[in-house]
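As written, the chain order gives the labels A, B, C and D, with residue 1 at the start of each chain.
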Amino acid sequence: MKFGIIGINGRMGQEIRSVFEEEGHELVYSLDKDDEFRSDIPDVLIDFSLPAVFEKTLKLVDEFQSPLVIGTTGLTEDQLAKLDLISANHAVVQSYNFSIGIQMLLKATELLNDHISDWDIEISETHHRFKLDKPSGTAKMLQSVFAREIPTSSLRLGNVAGDHSVHFGSLGETITLSHRATSRRTFVEGVYKSALFLNKRKHGLFSFKQVLFSK
Amino acid sequence: MKFGIIGINGRMGQEIRSVFEEEGHELVYSLDKDDEFRSDIPDVLIDFSLPAVFEKTLKLVDEFQSPLVIGTTGLTEDQLAKLDLISANHAVVQSYNFSIGIQMLLKATELLNDHISDWDIEISETHHRFKLDKPSGTAKMLQSVFAREIPTSSLRLGNVAGDHSVHFGSLGETITLSHRATSRRTFVEGVYKSALFLNKRKHGLFSFKQVLFSK
Amino acid sequence: MKFGIIGINGRMGQEIRSVFEEEGHELVYSLDKDDEFRSDIPDVLIDFSLPAVFEKTLKLVDEFQSPLVIGTTGLTEDQLAKLDLISANHAVVQSYNFSIGIQMLLKATELLNDHISDWDIEISETHHRFKLDKPSGTAKMLQSVFAREIPTSSLRLGNVAGDHSVHFGSLGETITLSHRATSRRTFVEGVYKSALFLNKRKHGLFSFKQVLFSK
Amino acid sequence: MKFGIIGINGRMGQEIRSVFEEEGHELVYSLDKDDEFRSDIPDVLIDFSLPAVFEKTLKLVDEFQSPLVIGTTGLTEDQLAKLDLISANHAVVQSYNFSIGIQMLLKATELLNDHISDWDIEISETHHRFKLDKPSGTAKMLQSVFAREIPTSSLRLGNVAGDHSVHFGSLGETITLSHRATSRRTFVEGVYKSALFLNKRKHGLFSFKQVLFSK
């Protein structure tokens, strides 16, 4: 697969390049600020840059006629609507979180909610001391699985990258579903899965959840 | 609901009675050794006794024309075949493990196996010091979810009732599914769910898994 | 050892009797409400009853000239002062918590506080859904080890007997000290250790902490 | 404090420099291969390089008359003996593991072993899939605290940096002491503590354990 990266000098851009190359794929296009490199037409374009670059990204998709994986955060409603528009002719994966494990945690939480939503339920999360918001965005995603409010505990500790647990308890047993981030690498694997997924698609706008769970 | 218990003086029998009565149901039949009590015809019959009592149980099902929840352990192949036979005319739930949580753990493990079977996978379990077999029967059930052999660690510690965890790891994140038994009460809740399930069935032989997951 | 129990029909009284008898000791005195049994003079007297019984307990100590282990909760300041008084001539252990493990958790927490009190510190505890107070009394004991306020998370889940954890985090590592109660038996072991401890003492008022840690 | 680093271009050297500078100290000497920088005489010299550099390190200690923190791994018996020799006139800290948390875990394990060595004890550790040896070196250090053999479980999972737990269980409770590595930063903090410790010493050869626990 030939691939291109918009935002190649960012931390995600660098890691994406290294993982794709490890897997035997070839970088044929890259862009970062005014630095542009082009040796061929990419089979897939990956954008982890800034909303300000979005229009350029659309132009490149049109020029290359390539599918797009976009993880740029902070897109406006307008920009998301434009992705929807171009997805009539191009296959696109858009997500703010490419962690496979978090998607699995959500999926397992939904499964248990289907069957034991009447159990006591608690969410807990631990993050590094520099994280100011409580609870974490992921904890909110977990909360939104349930039809009722779920008590949520937030611990701030050292430089923990991110632990999330959903606890279920009845009079006799407890079940805990836990996720722990150990490196940014996990997100890159999600981007890679998305690129492979798009290889087989001609058009459509997909979430990362669809990448993982559609057959 | 009017209910009857065969083996009412056993530890499970006692707890079943107490949970059903808490829920507002009425004991109308009981049997234990030569002690028989009968005030009415039960809507459901529950048997947590011994294989030697099995023939008597069949007679009672026929006499009362009631559904049966049977958790008696050590049934012979013959006895299981007879359950299958009578299930043409009676609804029956048979299981050796009525823990809802363990069924949920199995279900969640299957879900993750469907999607991330290529991750590193480990099973660990902790039980009280008196448990001689390693790994536990439940750990074996968990192992059997996977198409390959899963490394399994067994800890023996104090009087821990039973902890089981399935760990998944990739280069960037780990997911752990954990179950912990805190009392026998959990099994009684499973029996109660089974009784409610049978209330709507005319015939058929069901596993506890079917009780939980069939709609 | 010959032993006596005041409050023998309570849950603690029953378990104390059974553990002491398992260990080969002989019940020679018991009291509960108006039920009194006496076959000999006890070598140690154990009181797990009510503050209202306290005067009777003092009389028995004087009559038997025996040491006393007292775990009755809710003693008044006056009653505690009287224990101090009689300890001039009798060896007494008084405590509201005879869990060895909780004492060890406190001790380990003190150790870490001596060396890494500048790390991020968090306490978490999980108890059954029926526990109304937050945080637990034990969590408060743990908090009181530290010179500053420690954030504390309380989860309420099923029928968890009691989990407590103290978490320490720096930029690079975390340490967690955890305790989990699995049965009331643990408290009885503490009472038993106290009785053995008193066997070697002629007088003095001791805490359970002293029983465990004095040489 | 003015400091010097031998092996400044290594991963540890880089991190040491950055932490010391963050704390307001000044790099006045550095060495890596043939690159030597010198602007002043250091108050402390830190060596995280290779055994081949050892003779040069000794010369520098003599020239600067400065204390030494040495974390270079694979020193020969001869080299260790030479450290002992020069420690008559220079204060030296030598260790292969500058993790504060692991030292605390060992200390807490020793504390519990002093009091509840008769409980069931288990060790468990989890490391990334690339770690070939089982159990880990740290698990062996933990094992060596105890007078008897301790069952030890090793899990290999994703890219877990390193988790270690010591579990104690009695009939009624469990205690778990856990350590989890989250980054190399932790070792640099240990080096920093060692440098401060040496500031007050004129001579002597110290372990990292002594740095942490001597008053």
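A few comments on the model shown:
The working rule: a residue touches a chain if its C-beta (ideal position, glycine included) is under 8 Å from a C-beta of that chain, and two chains touch if they have at least 3 such contacts.
Since the model is a prediction, treat every value here as computed from it, not as a measurement.
Both chain B and chain C are touched by A, D.
The most distant chain from chain A is C, comparing centres defined as mean Cα coordinates.
Remark: chain A and chain D have CA centroids separated by 38 Å (rounded to whole angstrom).
Chain centres here are Cα means. That of chain A falls 39 Å from that of chain B. Distance between chain B and chain D, defined via averaged C-alpha coordinates, is recorded as 51 Å. Counting only residues that touch two or more partner chains, chain D has 158-160, 168, 170-174, 182-183, 185. Looking at the complex, you find that chain C touches chain A at residues 119-120, 122, 124, 126, 129, 151, 153-160, 167-174. The touching residues of chain D, counted against chain C in their complex, run 99-102, 104-105, 107-108, 111-112, 115-116, 168, 170-189, 212-213.
Contacts from chain B toward chain C in the complex involve residues 158-161, 182-183, 185.
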